[in-house]
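Paired with subunit B in one complex and with subunit C in the other, subunit A is shared by the two complexes that follow.
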Partner chain A sequence: MMENEMKSCRNVNENPCNMCMPMGGIIALKGIAGSMVVLHGSQGCSTYMRRHIAEHFNEPVDVGSSSLNEKGTIYGGAKNLEQALDNVRRVYNPHVIGILTTCLAETIGEDVERFADEYKQKNGLQDFPLVTAPTPGYGQSHDEGYWFTAKRILVCLTETAPKHDRLNIVIPHISPADIREIKRILGLMNIEYTLFPDISDTLDRPHERPYTKMTSNGTALADIKTMSGAAATIQMGVTVEDSFSPGKYLKDTFGVPLYRVPLPIGMAGTDQFMETLQEITGQPMPASLAQERGRLLDGMIDSHKYNFQGRGMIFGEPELVYSITKTCLENGLHPVVAATGSRNARLGELLQPSIADGGEKIHILSETDFCHIKNYGEEAGANIAIGHSGGRYLEERAGIPLVRVGFPIHDRVGGQRLLSVGYTGTMLLLDRITNTLLENKHKSYRKKMFEQFYQAAN
Partner chain B sequence: MAITKEQLDAILEKYPAKVAKSRKKHILIKDASQESQIIEANTRTVPGIMTNRGCAYAGCKGVVVGPLKDMIHIVHGPVGCGYYAWGTRRNKAKSEDPTKNFLNYCVSTDMQESDIVFGGEKKLAKVIDEVVETFHPNAISISATCPVGLIGDDINAVARAAQKRHGIPILAFNCEGYKGVSQSAGHHIANNILLDKVIGAGEQEAAPAKFAINILGEYNIGGDGWEIKRTLEEIGYHIVTVMTGDGSYEELKNAHVAELNLVQCHRSINYIAEMLEIKYGTPWLKVNFIGIQSMIETLRNMAIYFNDEALTKKTEEVIARELARIEPVIEQYKKVCNGKTAFCFVGGSRGHHYQGLFAELGIDTVLAGYEFAHRDDYEGRQVLPDIKPDADSKNIPELHVEADEGRFRLKMSPERLEALKKEIPLSNYAGMNIDMAEGKIIVDDINQYETDELIKLLKPDIFASGIKDKYVVQKMGIPAKQLHSYDYSGPYAGFNGAVNFARDVSMGFSSPTWNYIVPPWKNQPLLIGTVTEEGVA
Partner chain C sequence: MNVGAVEMLESRQDFIATKGKQKNQIKCDADSIAGCVSQRACVYCGARVVLNPVTDAIHLVHGPIGCASYTWDIRGSLSSGSELYRNSFCTDLKEQDVIFGGGKKLTAAIDELVAKYSPSLLFVYSTCIVGVIGDDLDAICKSATSRHGVEVLPVQSSGFIGNKAAGYRAACDTLLQLIEPTKQIWSKKAGSINYLGDFNLAGEAWIIEEYLREIGIELNVVFTGDSTYAKIKTAPQASLNIMQCAGSMNYLATKMEELYEIPYIRVSFLGLEDTADSLRRIAAALDNVSAAAKAELLISREIAKTKPVIDWYRGKFAGKKAAIYVGGGFKAISLIKQFREIGVEVVMVGTQTGRQEEYDTINELVDEGTVILDDANPAELERFMVSKGANLLVGGVKERPLAYKLGIAFIDHNHDRKHPLSGYVGAINFAEEVYSTLCSPVWNSIRKGDD
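Up next, the complex of A and B:
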């Protein structure tokens, strides 16, 4: 049985589970080599988002702002934006600039696309890659902001190109460690690819000498230009609306065949990714990966007794929630709540088939907040929470331990190093979940046994 | 170490000419031979420069209003502004009644596209109703973010109606982020409303105890306020309220009964300090609880103000005891710190406050500055008459207060007050510049590029700043100390705070981790090309 509780009847958002649209846009743009981002709006948004992102990745996050003020709200912000671009170009010498808008710019009706054309014209920069993406914070959540901006990057930069053998791998917002793991798998399969957008280095940089403001890593501009000629696109994004889908855009505009797969998390999820790779390239799965698969299976068997006692509440970005929920289900950990702060209809539709066969109820919440997640979870007897650090309040108030995964993770270090994809990553994720269940159980084990058997008997 | 004008010009040269000209006015090399050195501050940020500044909403809700623990703070706007300010300042609070401590909550009206088109007043009203029903707070604040002002929501009217409905104070703050040029605008907006609507709303006519004081501009980051209270209460002071760290609506409403207001962060709270003096006749004393000598001086100045023999005696006893206790401990850390240099760039007061503590550890502050201060925070309050209001500052309403007929009371004779002003910083702040040593650099609203370049030139051993620049600095091989959030440590104020700070800073220097890292200038020529060449060429 499934229940798809969409928007709640309350008006208040009490402890939000999602962030705003330009936040996600910044992440997508940070995955492009040599890029800089300018937020068109008041500077507070970009300052807040910089610190928000920096605190998760422990990396410098430079995001410019057009610093609109009261005057700009009356006379328009073109002049400020122009200055912002001039200064960013001068000081950072970026190879790509992305302009995102904030609530302020959208409310006063700024047309950044027209602005970008005029700016290029005026400065003789016809060929300069300028990406514009209107991302009002009130429009959608950071998840849609990420996908929409990723699509806009392609719309602005991809050109018609001759056919080639590379695959486009379009990924959702996942950790740098996850991205590196996906690349490793592709490498083991001897596959040539363009992974987009790639924050694995730009937001998780090694300590290097000398320090430079920009790195040459990230998805290369030249590769983005020719994604149109790829043999196929694999998009790890099944929850993405068509109108935001980069893969759909490449298919509709350039005829690149599109394979939509979920994130390779969990046995079935990773299998599906591997099968898709094999189907497209005709390459077999290398022996070493088959062994990793076997180890995952072995580990799942070893842990199944513990996992079966888990009752999980899973929350965060829809794509991750979908894959983790499926992973829980395949390990007997019942997901009592699968929730996202984003407005996402697909999550519920997609989870439906896997839970329709008479199992226990799952509350699937969209556009929700932590107040609801907590209430539904507590009522259904949840004993583990899986998601970003916004859920630490579940731990503090409801005593439900939190397995941190996703974004943001602000109260622990290492969010950027969390590995959860592929057979090996799944095993690590599962171990984190299982061990949290065990730890919690052991904490209260003696006391419970005492109460149950000793006190009850006397 | 100092830098020359030529070196400074070389840094500014990378900017477009107009920007260079503007930035130049925000940077000073301390020169005591000049009678006054003017710095430009509190003017518009250059667009596209990686400023550390935030918005009016951040200054209002994030800094001044947010720490009031028994209130629910509703952020009226789209969800992002609320989320990003959620728990990000480490202002701590405990409550006798745990059901009246709402600091961990983030409450947003989560405006959607339709609210932007049709207005958000109805939604706001419903959110207030829901919040009252769920939390039963002592009061509610509504902070407007950017879109609210633009679409013309009348949050004051909504607040008034809701206050009638629910019978609890509901305060509306028009602190839209585009107002003013930084957080500073938000401080002012918050100050106005707190003075107008909260302070004085309490029924007390006189303080319940002797030596009653308010502490203004102390936000209890990492427990600072608790450490300060420990000492002040031991000496015999009665703290009416703290604005606003670990503060509450319930306490704040009686702030008018205090005999003296202490001002820690001048920037964020001087408006209230000034207005309290006009309205209730309470003078304010500029204090600094950061650093051992500053702490001692503060305690002595307070004793001078109250002029009470027993109080003075107790003050000296506590000072002597605390010194004897902490000095040997600090001595150990001094050995690690001595001879080092620091950059100290923080907010609107810490850039100044921490310099003394650094000096006590043997660390020389070679560059200091503020993110959102005004000229008086650099040059001292005597410049106030010279600061002309510009279009941005005129947008922030000035509150005109008058003496409260029933409650205005001179705390001492005007003659004694004038005499005291010569002795202690009573209703005055002399600013940061005066304390800077010759040749040292003062930068207003420093940005990422200037930070990088000045680090290369001055090679500090530690950089005290915030989280946005922390990681760049560390990538350059230099320990960073976050002075906004204290890197999850603290308290740093008061006597014990000084010890904590010495320990944390020493750790920055002596952690074996740094042995694996050689700062670039140790084996390479300075200034490896220009920034432009450093891009992805």
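Up next, the complex of A and C:
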């Protein structure tokens, strides 16, 4: 069912739906308390990615670069990287530094892991946490970059630790508002946890005076060290390949039981998360959450006929696409396209049963671009698009309204405040979708009816 | 104010000067220092910004997806015709291509794009890895050109070969290739001018074109705002080049003077003073008496309309201080003058890629004590904005959140802005934007908790 065949151009990506590997790596590292990131490559990579992230979050995003020039490219970039680490340490005084490689560093064969060891030796920094992750832009997409870097953080920093009662909550790249909602739910359940990686404050900081370049929030280093002793890991990541999976690493290396669940989006998705929490802790769902669930049910019924009119194109990071597609299905909104720019086989496999359920075909596109998303969607009569702001292209060229969710959102404010997880978040997401369908209907139905029935008859 | 908390790097000291305190010239046009968190982008970025406004061209990035992703339709250049330039095309190189070479894929990509869009022009941008794996862009483009009868031009913009300014030059080299007459020899069109260094952001080039039309001067082609393949080809027939953004276009102007005997003059349409001055100098350079007279009429009419508005705003800005951090020197210089027009003092000026002569001009223009800096980073911007008591920053997307976090107003002078800042209408927009941010009531809420 995976449709990789390209309709027009096979050798051209026409209007990309994804970003490159180090981008995801930066996001993951920004979720660690006191962290600073250095990209090993040419200056432009860090600037472009900073700009892309800053425009979404409206936050200062500082990322260092080894600023490789021609000389460094020919003779090796160790000297540049060393200088970059020295300077970043002096100006930012970080508690952990992540070194991500880029296309250039990987192509010239830089060994950053060895470099990191030598740097620590040379500077008497044996205990300083340096995380290295090879993330060439041509390797995979930002989604794999995120998961792989998250795993590398654990590989570099997690140590054997005595057993404790906390849960590891490993999350995909979701909005700060979503992260805060997950924490609220865990709080209502009285669960102790380490949520990893946590950008909820680092990339969505309250206005404070005076401003400080670094914040102490984010996942604490001390907590990352002891994730090995946790009672269990819940990884909201069912589309993640094993080799990139932080939860799988903790299970294989330290024997931490792993529960893989989808993002708590949609009724079934959130139920699964809540059931997993109940199973692990033996605690019931608190009454207040049961009420939120009831309200979601009520709202789903209120909106079901409107949603039934929807034919959706869903695109973006695989994990989000999976959960939103399922949410559409459970509300009678037919997803005609579920697409990701990343190369992800699991998305198709996981959605397969929903397709087999009968009904209409879903085009599941992996490693695709907006040209293809648009072609498939238009052909299947899509009337709503759900995904990041790259979809404004669908709005502009195909007149298909876009519900913005995911990353990046560059043409509207508040991407960091979009809430879509949990029973309450699902209700908000569903309302955004339903209201977009309604708005479009109200805008066009008078004219449509007039043309169809009055003009045709007269 | 505890500004000592912001650590400064010694290696950066030559790039920073305070007017009146140092005799030495500021250091510029050097590679960014590793780990300094430079605000500069890369060679490819520089080339792409210059060429992107060519509307009917296919802009094909030969490289990994990121380079294409981060530059997809992020510029506010407008088109009066084709929208082809607003697409992002990329060969999306993968590991296999890096190992075995990406030449075949590029050839196939060009073939497919020509078949799908029948464009008259393709730009093929080189990226970092292409520079390392050694795909022969020149040969591939040449062969595609003869195969399809469509001009396929390489842009040598591998990210590591220099800074953003090297990209401007790479773009100009490609434009020169495009301009070079093949069969037809252009006869000069008397009184016709090319306009270099306007990218038609929010229709800015159209505003200037209208001014010129009014005073009876024909605009031949704009480099590169709202330009097309056919229009660019006519460049040699102009009798004068006027150049606004010198950082990106100086090389092209000099080369065109050398190759096609087209003299050039510097212009700026930012602010009342510069706009009037530029119109007068264009008429004078063309020795066009009628244009000179019409220019005076236009200027006095527009000033009569605009000046009272500007003066009203001016009254609101008394005692306010501005910091400037922009891409090139031309923009910084124009902004200093424009702030003077609206009565705002400039206390800090920096650029990503300003040239020595531009820094000299900046130094002449600003007051004693103004901090001037090249290739600054967030830590330095923070330090000097705070220590100099800036109330407002002019910059791009990356600088905006920093200003806001510091409780400082912000003016967007980036390529993705959606309102024109050129000409008389632009001067009003500028004052209005300064007012909207400097005098916004939100700052009252923020300062509520202060003692």
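The rule is simple: the second predicted complex is superposed on the first by the 449 of 458 C-alpha atoms of A that agree within 3 Å, B and C clash if a C-alpha of one lies under 4 Å from a C-alpha of the other, contacts with A are read in each partner's own complex, and residues count from 1 in each chain.
Convention: contacts are C-beta pairs under 8 Å (C-beta built on N, C-alpha and C of every residue); 3 or more make two chains touch, one makes a residue touch a chain.
Everything numeric here is computed off the predicted structure, so don't read it as measured data.
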*asked:* With the two structures overlaid on subunit A, would subunit B and subunit C clash, or do they fit side by side?
replied: clash
*What is the contact status of A:G399 with respect to subunit B (first) and subunit C (second): first, second, both, or neither?*
neither
*So, does A:G139 touch the first partner subunit B, the second partner subunit C, both, or neither?*
both
*asked:* Which partner chains sit in contact with A:T215 here, subunit B, subunit C, both or neither? Use first/second/both/neither.
replied: first
*Name the contact category of A:P284: first (subunit B only), second (subunit C only), both, or neither.*
neither
*asked:* For A:A33, using the defined touch cut-off, is the partner it touches subunit B, subunit C, both, or neither? Pick first, second, both or neither.
replied: first
*Please work out whether A:G414 is in contact with subunit B alone, subunit C alone, both, or neither, and reply first, second, both or neither.*
neither
*Which partner does A:L68 contact after superposing on A: first (subunit B), second (subunit C), both, neither?*
both
_Shared subunit A surface residues [contacts with subunit B and with subunit C]_ = 10-16, 18-23, 38, 41-45, 47-52, 54-55, 58-70, 72-73, 80-81, 83-88, 90-91, 93, 102-104, 107-108, 136-139, 141, 205, 207, 209-211, 213, 341, 390, 393
*Within the complex, which stretch of subunit A touches subunit C?*
8-16, 18-23, 38, 41-52, 54-55, 57-70, 72-73, 80-81, 83-88, 90-91, 93, 102-104, 107-108, 136-139, 141, 205, 207, 209-211, 213, 341, 390, 393, 410
*Touching subunit A in the complex: which residues of subunit C?*
2, 6-7, 9, 11, 31-45, 60, 63-74, 87-95, 97-98, 105-106, 108-109, 112-113, 116, 127-129, 131-133, 159-164, 377-379, 382, 396-398, 400-402, 404-407, 446, 449-450
_Parts of subunit B lying in touch with subunit A, wherever the complex brings them together_ = 14-16, 19, 44-58, 74, 77-86, 88, 104-113, 115-116, 123, 126-127, 130-131, 134, 145-147, 149-151, 177-181, 391-392, 395, 448-449, 452, 466-472, 475-477, 517-518, 520, 524, 528, 531-532, 534-537
*Sites on subunit A touched by subunit B in the complex*: 10-16, 18-23, 33-34, 38, 41-45, 47-52, 54-55, 58-73, 80-81, 83-88, 90-95, 102-104, 107-108, 136-139, 141-142, 205, 207-216, 341, 390, 393, 396
